[in-house]
Amino acid sequence: MVFHDPEGMERLRKATPARIGTGRAGTRPTTREQLQLRLDHAAAVDSVYGSVSSTLLDELELFAVDSEVTDKELYLKRPDLGRQLPESSIRLLRERCIQAPQVQIVVSDGLSADAIESNLRDIYPALLDSLAVQGLTAGTPFFVRKARVGCMNAIGDILEPEVIVMLIGERPGLITSRSMSAYLGYRPRSGMTDSQRMVLSNIHQGGTPPVEAGAHLGSLIARMLELRMSGVSLEL
Amino acid sequence: MKLTVSLLGESYLFHDLKELFAKANEEKSGDQLAGIAAADDRERMAAKLVLADLTLADIRSHPLLPPETDEVSRVIEEGVDETVYETIRSWTVGELREQLLAASESELRRIGSGLNSEMAAAAAKLMSNLDLIQAAAKCEVITRCNTTLGERGRLGSRAQPNHPTDDPLGMKASIYEALSYGIGDAVIGINPVIDTTDNIIRLLHETKEVIHRWGIPTQNSVLAHVTTQMRAISKGAPADLIFQSLAGTQSGNQSFGIDLRLLQEADQLIRESGTASGENRWYFETGQGSELSAGGHHGVDQLTLESRCYGLAKAFKPFLVNTVVGFIGPEYLYDSKQVIRAGLEDHFMGKIQGLPMGVDVCYTNHMKADQNDMDNLAVLLAAAGVNFFIGVPMADDCMLNYQSTSFHDIATVRELLRLQPGAEFSAWAEKMGILKNGRLTALAGDPTRFI
Amino acid sequence: MALQQAGGNGIEPKREITSVGIDIGTSTTKIVFSRLTVGRRYGLSMLPQYQITERNIIYESPMHLTPLIGESQIDLPALQQILSAEYHSAALKPEEVDTGAVIITGETAVRSNADSILHQLAGESGEFVVAQAGGDLEAVLAGKGAGAEAHSQRAAGTIVNVDIGGGTANAAYFNSGSCIGTLNFHIGGRLIMLDKAGTVAKIYPAARQWLNREGLWLQEGEQADWPVLQEVTRRWSELLLEVLLKGSDPQACPLIYGHQDLPAAFAKETTVTELWISGGVGALMEQAAPRNIAETARYGDIGPLLAHAIKKTAGHYPVKLQAAPGAQRATVIGAGVHTLQLSGSTVYADPNLLPLRNIPVIELVWPVQAQDVEQPDEVLASIQAAFAAGAIRHGSIEPEAMQFAIAIPEITHCSYAVLRRIAEAVTGCSRKYKLKLCILICENDIAKALGNCIYLLSQGRQACVCLDQITVAHGDYIDIGIPADGNYIPVAVKTLVFNSTN
């Protein structure tokens, strides 16, 4: 498509990640744009249905447990099951984890395995650094397959930590399928609601850099411990 | 009231209307998640058969959520035209379905005014997809803000110029692109990232500035929480429409931080201090599943609760009502089949209750749906006479991370079904040279003409 | 669709900053006070980011003649008196002023006592007020103050704002909301002064040399010849616009001065669509054209004639010419309103180490491949080179007193592995040079992670201030303020160049 003001078009394009100035074939999108959209959607869907490699988990020395749901379709339909842990997982946590740690780190693929694959190597050591700088001690970190954020309540009931920080893959978008969130809860136990947690979202290379997100989490956790609370009322 | 039936050698007993209503629904993952769905298709059919024989009076005298405990129920009951109701109260739901399908347009409007939201939902539960399209297509709901929307032969569109940081130029870039495809006649409405008064004031001014600069016959709206918009409007920010998301129960609305009184205050404010000329000043959004998501469903199925949103909306004579059908996720609407069904149901239930229904034909990336499914639903809804669609550049909302209908899609549906934007906007687009005789010209699709 | 958010969140802390701008120009001195509003940039679940969302001017002084003692000195007591009266009129005390800038511009910058006066006034004017000088900076501030920067975000092509005052013309090019180059000329209304009768009262050296070379006859004490004055202003206008609009090589222009922050090919390739004139000469463009010597000399110089010569010459170019809005106050508004930057909110700094003043910036240069973690040696080498440059330039007999900031340019993908290499190199260098305080300014949003890493590597022994998202350049000086509510740190970047005009 030839634009009236090609330079102006570039300025508009630079100002937004939205798909503008795409041209058309009659009233329909051009072939390239249409296929690009489908390709980005395919990447997002793959990320939902993908899984985190054992190589990454081994490298960072995270052991893995299942949530109550092992099937992806059921995981999508039944968020309540992703918030619970089966007896086998509970046993494993009791065996392998330090009881009642100050800070419990939990990682889950959630809705995007890609998010974990591409960010964990950067955010995790930066998070450990920030805990060390704040003089905080972490328990035994682990990975939960197909968990929901609310799973931190179930984990809280078992391990009784002061704070849980949960790194979990976000619902993928078309701009990126690799966005991760960090959810924080002070003394999470059964009954804790969303509004009592805090979230730092949009963590990926094009958003909040994972190393800086990790660095910030330590200060947030220190503040939560100081104020003995977490929740939306506490500004990030 | 008979709540039992024998079917294929088995007998079914439903304990109350709540259970019956839930089990009579087409399959939805949200009803399953709430644990109230029919166990299988046979039980679903049993429920539909029982429901078909209930009278409208049965439904009215056994409220799912008593008006004494739920203010949404009170608003809905007050909205029923008692004279009309008296003439139809003895109809069964099965008869109601047939009357709606057979009625003339004016008769349909009359029947609609005598229904409460539960009756509208009950009829939807007995209807096939084509029934829903056919009945809705007979309801012409015309509303007026700065411009007129909903006339036959017109298909409106919202320009949704969202940006991940509310960047002014980035937002305008998307508006220009929308305008160049003839999109934005229903509203230029942005979802802000930052819900602060200052930011909302800024966005209201910026959207208004584009509207003034090009003399566009449309209206602006910034979809922040209603209280933030009220603060902005009180400080003199120019808003044609005021926006809020609605739930179908009092507790659902509480979780959105609103109640009836707040809506009434906002209503008064937008009438006194809004910048629009017409009498319809509200933009509401709804969507099946939001009550369950907020823990405020009280065991009522998501279809019925959605219908109740419309009963509440009706009291405020909105300019636009938009059901965001596929945003909420697969735990409420699992796949394209469920999304398509919900889109048609919502549109019908809203229209029969006299509302200017638009549909955000959309899906998220963790649902079993794709752009082809949205193509299908868009055409079905346009055939059903939907008032407007949501227009997003190439269907990809870069802020909310979901896919809706694109500017291309809306232009295509218009051309295909010989529909045009709202009358004033059409005239403007012809004058600007974007449309000629209702079709895109060679100039269309070039946003740089609006820089 | 709408995000269905709970509750009408009424918590909206208002953050306001009071800022002063003081412009001591060749002919006039002016002062503005403004109120800057700081707002959060992203939604609540994002890392906090603050930006200045509103800039409102709350008080503007009238124009004062810049007080001089003789020809070579600024009259400090007289200047202080003017300022103190203006603070009084604005109902503000210096301690209520949070930030701002004092800028010495045009010919005034070459006065023998300019430097010391600037710093003294900056100290007296408010908590965090900085001194500024230099044609390039003046050009940029004027362009911002005039609104050319903001306008360029919307307008097509490039906008040039030329601030023409008494002694200098400072041009800044803006495209898509940012400055892409500056040029400075010895062109100004007051370079040739006239008395009411049209006698040449004074010719500044910059103009004198050029007149001699061009063979144009003007002599102090003699009646000015009207055609000669017309010729002078016509030629100045042509020289100016040939460089600015036609893309003639700036090096070849006899009136250019200072370093040219503009590659020669640049002006040729850039389509300038609008020419804005600010400063006193810009304001004069709005008045009627002088028809004779008497009308020209009404302000005691050739300003009115120059304004209209530029207007006429610009007519030969396909460009939209306009006097900048609030022309005469563009620089002071720029100084008062656009000096402050806010750091990212996730930074590493012990508040006890702040504020810091007059910290020179050393820019680190990455070798092409060094952003790659596979090249750890090159990362180390570049960081060592930057520290060595800092030590040479800003080292003193007491190594503990040595202070400089290293600016770390953008890294495409800052993984933890890269971050760690940088931290190791920085820690090593800081130890080697016995730095009491290590100051880092990162372009990427990594300051806190980097600070944490350095803290751990040095076992808490290396004091460190690590900021990000501040734009600095080699040779700048920075003042770093105390963290504000919201944890961002106000930083004023100073570019101090006292140009010698000879």
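Read from first to last, the chains carry the letters A, B and C; within each, the first residue is number 1.
The rule we apply is simple: a contact is a pair of C-beta atoms (placed from the backbone, for glycine too) under 8 Å apart; a residue touches a chain by one contact, two chains touch by 3 or more.
Note that the coordinates shown come from a computational prediction; the quantities given were computed from them, not determined experimentally.
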From subunit B, the most remote chain by mean C-alpha position: C
Distance-to-centre winner among chains (Cα means, whole assembly as reference): A
More contacts between chains, A-C or A-B: A-B
Centroid spacing, where centroids are CA-atom means, of subunit B and subunit C in whole angstrom: 53
Between subunit A and subunit B, centroid-to-centroid distance (C-alpha), Å: 32
Centre distance in Å when subunit A and subunit C are each reduced to the mean of their C-alpha atoms: 42
Two or more partner chains touched - positions in subunit C: 6, 156
Shared-contact residues (touching 2 or more other chains) in subunit A: 5, 8, 11
Residues within subunit B bordering two or more other chains: 169, 402, 451
Subunit A - residues contacting subunit B, complex: 1, 3-6, 8-9, 11-13, 15-24, 26-29, 33, 37-38, 40-41, 44-45, 48, 76-80, 111, 171-175, 177
Residues on subunit C engaged by subunit B in the complex (per definition of touch): 1-10, 12, 37, 39-43, 53-54, 153-154, 156, 177
Residues of subunit B that touch subunit C when the two form their complex: 160, 165, 169, 191, 193-199, 202, 223, 225-228, 243, 245, 255-257, 285, 287, 290, 322, 324, 327, 360, 362, 390, 397, 400, 402, 404, 451
Complex interface listing, subunit B residues touching subunit A: 29, 32-33, 161-164, 167, 169-174, 176-177, 329-331, 334, 364-367, 370-371, 392-396, 398, 401-403, 406, 408, 411-412, 415, 440, 444-449, 451
Subunit A residues touching subunit C - in the complex, by the definition given at the top: 5, 7-8, 11, 14, 121-123, 125-126, 129-130, 132-133, 181, 195, 199-202, 205, 207-216, 218-219, 232-233, 235-236
